[in-house]
């Protein structure tokens, strides 16, 4: 990696707080991440670990009661946060930086034709004429695998199935040939059969357009198939960030290992499903030490009081006091690419 | 904020428009309290219609502002040539607004129209005694009556004259054509009627050239129009407003609020209680407070002081609450209930009077139950011959200025709204109606009113004055008969 | 909403919840003022004979249209002045609240009770019952409401009872609609099905299982309707079709004073103000209550407050620097 | 669509029948229309003649049949008050009320969209709190009181607007404003709250990540989705106006509209005019509501009606 070229997107120690009546919940607690051009980053973790909040922070969707309390988000080395980053954020959002949401059923405006919803992003960012936009929309619809694009263009979302709608969402997201696509659990709400199609479509598009993808999921299988690098989140923090092979072959963090063990295996039908005991941390009053400590099978005494140190490998990061003991202790059963 | 801009715009627009509607020096705007139901001068009994028609149409007889009866379209006072025939000489050279000549034919046609049963005029009550009319020559008319009718001349002060060719035209309801000082211009339904001066008027030039009569139901809105300078004359000014308006003029009016007592039923059947009810009321205070001084205590009778038959020797009912309480107590009526039926908002200060009277009566030891009914129910109870309300407040108005009206309405058993069953009194009233000799009639009415006064058949309250609000530039003396004669109005410019 | 779960929120101490609510109310100054005003009005109405300085019907013929005490010619005998019959306006406003509040409460009870019953029935029974009831609701909604109210009052004659019945007849539909929609939602829930499977009688299910779900929406609706009725009563009284003397209500006092507004504004202003303040206070408090009974809205309100405080703090820092 | 229309027409027909019957029963309940129509001094013969002329002496059932016939053909008898066809009066005053409604409610509709949307952009913000407060106050003030105050200020003190009556556009300003105030408040609150709901929806987030401008999100995306509830309430406001709720404003400003005329008909005991007004209004309301439903169907094809 050449030091002078900044990464496409960089999160620096981002903290997001939610002001609730019960107190201030710390949604993100100093998240740092980078995504390079053309790279697919998998963001995994259980519900409430902060994956979606991270995506929202990137997309500028944090609204009251949430707020970005500290940290910075850089696009190509320049901040897109705060008043100073506003102009840049506006110029890239939807154009160079786009997003696909979890639930395609509600992500489209129910009262606008899908044609209009695709075209408006084109006319806004590329300044093309209505006719050009329409032609391009037809191409896009065709590209994401929807038949009879011309007729479909004038239909309303309720005439589409969930999978079809997600294809439309993808068409919208890639309309301006972005550099980074954030996909927040794009297949969770879909049928299993459709899930694979959508993932294939995403992969194909990623390859064809050479865009960076941040794929948020809790499905390690999907991660293993599609991602170059994986970041594991827990309790609003990044627990481990490493190339996909390392994650599966030599997971550093006890939580990563737990996650991998909790993934059902097709080849061992009779094995009892493993689960991580205990509850996620209370984000209103997160423990001063490692958030995973209460559930960690290999916790040390200092884990309770001191935040985990950052251990850095060649291209990986793990937030754990005890990485040595857990290293290689459990070979992964998940197939690696 | 957007709203601000909207408001500013609205005000600006208003300024622009208001500036264009400046009133001309010889034009006035009058606010009536209601819209005429028709402009046919003979069909309805409608004060708003009268206010307009009085300026367009004329009558054979007219009254001077103080009430004196003088010839109008008639050239001189009529002559009674036999007990049932009156002869009128007409003025020569008068034409209607449509160019038609005013003559005996017009008079005959007008009279025959209004007395025709098929026409079913509401004014028939005024003209019930007229049986017909004949033209003797072009300018002489004889009017015949069913019996001797001493009141005929004053009746002819009420009957408006139409062009002979116009009496059957349906347009008469919307486009009035008379001989009067003002010509009809237009009627914008729901908002106003425009009149203009009749340049050929036989009675001479008038000051006001154009008159607009607007219909404004709310007294407060009328007042605001006067204060805002949009109106020059408003009718039925509330006494409280007198000090607020540029000019206020008042005249003894035609209206007398009266409470009719049921003499056969309820607690009011006891004569002492009826007397107590009369003594309990402080009429001075009602006149002073409710009517702001623009009313006078009624002199023990319902008859209007300006009317023929008014008994000026009758005693006033004194205000004596102690005596009233004692009378009620002696009669053993203390704690008994008396119902007081009335209206709210139909007559000037009706509700206030009800509340005041109820309070006074309450101090005698009676329990007063005020009932305010919808007009329809009120009427059916007022006219019911079977069950008389203990007491009912009505406001009587006498446009003909003759005691026959009041006596048949409130005194005569079995007629109108009267609540007694005194056959003797009823007979006297019939006698008076047919009596030709004025002195005899006056004596009869004096007897009638004194008799009823003594027996407390009625609780007459006050004689109300009519108050008008005028703009600074308008001069006008209101008339006893409540007619709004625009030709009598003077603007400062002429 | 952000996909964030707040663990441990339910472990907040249950003690002193009422005080917490009060503290929360105190944060919303407008709602607090509203509640206080409503309480004052209600208490004054209930204890009118103790509070009112004069008999509201007592006429003082000398002291007609006296201005309030702070104006020239006013006196402390009649703090808010007197009306056109010399009656004490303050006392009349205090007593007038009785009729206005009573009518509004009665109408809300009658219309709310009737509408709730029919809405429950329609929502729970469904099918023909539902469509018949909802057709009636639709049909009545399409009637020229006020014209018919005027028609009925003019036929039957005005009075408090007439007013209550007529307003109730004109206002029950909204309860039926709201209740029905809530019931339709609740009906689908598992616990109702469970209760049905367990063999609970329909009546028991309706009142024990479904009715509790209605309390919050019905409360909000009833409070808003309450204010509507106060205004409706005033409007009908203004037209001379409402409460009739010697009874008194705010609407009636405005109506009988309306002609004097240009010479004695206080005759109309104070009863009118009583209406406006009562309605406004109830609305303010109801608004707060609506948000408070809706956990999501409540969180949002809190967050907005926090955001505002942060913004203000930041601004203060900036201006200090 | 045809089926839906037929269904709605049938429903409307039933409404009109119900109204007709109710009106007939009530107007005949008021007491004897003959007594009330004639002056206090009318004689018995006059009353009989009047009853004969108006058909009020015939059996009640026969009167009802005639009445239904009149209602169906919209040919009502003469007004007792004005002695001319009730329909003529109706057609005269209807435009007056429509003008008032269009100016008042129409203005409220336009203004509420802007106020509500701008308030919803930042809930709890200064503008939002200002708009909410003004709306609450607007809803709390009795209309007649507002009308009187406006007259006092603009006509009597400032002398910039005419106090009452109907004439040029200046006459329209205060009645329209008074009429608009509560509607403006209700509509603004509705726009605000549904806009807040809408802005929290997922598709708005989509629009945001698409980089759409704020105005596009507000007016192109969200507005479309609140249109049905908004237009429903607009329809209600107009229906209310037609249903006589303008009567207070009309009587304060002596505006010769429907409500005012109906009030006059009641005060002057003119059942024929009153029933003509009520029934014609029901017709108009029914047709208006069917039109609204069709409009909704065009805006939101997902709506299933009928």
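Each chain gets a letter, A, B, C and D, in the order it is written, and its residues are counted from 1.
Just so we're on the same page, contacts are C-beta pairs under 8 Å (C-beta built on N, C-alpha and C of every residue); 3 or more make two chains touch, one makes a residue touch a chain.
None of the values given here were measured: they were computed from a predicted structure.
Remark: among chain pairs A-C and C-D, C-D carries the greater number of C-beta contacts. Distances from each chain's CA mean to the overall CA mean are smallest for chain D.
Each chain's centre was taken as the mean of its CA atoms, and the one lying most distant from subunit D is A.
Subunit A and subunit C have CA centres that are 49 Å apart. Per-chain CA centroids place subunit C at a distance of 23 Å from subunit D. Centres computed as Cα averages put subunit B at a distance of 37 Å from subunit D. Between subunit A and subunit B, the centres computed from C-alpha atoms are 89 Å apart. Multi-chain contact residues of subunit D (touching two or more other chains): 30, 148, 152, 156, 251.
Residue positions of subunit A touching 2 or more other chains: none.
Within subunit B, contacts with two or more other chains are made by residues 218, 220, 224, 227, 374, 376-377. In this structure, the chains touch in the following pairs: A-C, A-D, B-C, B-D, C-D. Those residues of subunit D that touch subunit C in the shared complex are 11-12, 14-15, 18-19, 22-23, 26-27, 29-30, 123-124, 133, 136-137, 139-145, 148, 152, 156, 200, 239-240, 242-245, 247-248, 251, 259, 262-263, 266, 274, 277-278, 281-282, 285-286, 289. Only residues 18-22, 25, 27, 47-48, 52-53, 56, 62, 64-67, 279-285 of subunit A touch subunit C when the two sit together in their complex. Put simply, subunit D touches subunit B in their complex at residues 30-32, 35-36, 38-43, 45-46, 49-50, 53, 81-84, 89, 92-93, 96, 107, 111, 114-115, 118, 127, 130, 134, 148, 151-152, 154-156, 159-170, 173, 177, 251-254, 256-257, 260-261, 264, 267-269. For subunit B in complex with subunit C, the residues that touch the partner chain are 218-220, 223-224, 227, 238, 240-241, 243-244, 282, 285, 288-290, 344-345, 351-352, 354-356, 358-359, 370, 372-374, 376-377.
On subunit C, the positions that touch subunit B within their shared complex are 57-59, 61-62, 64-65, 84-86, 154-155, 157-158, 240, 244-246, 256, 258-264.
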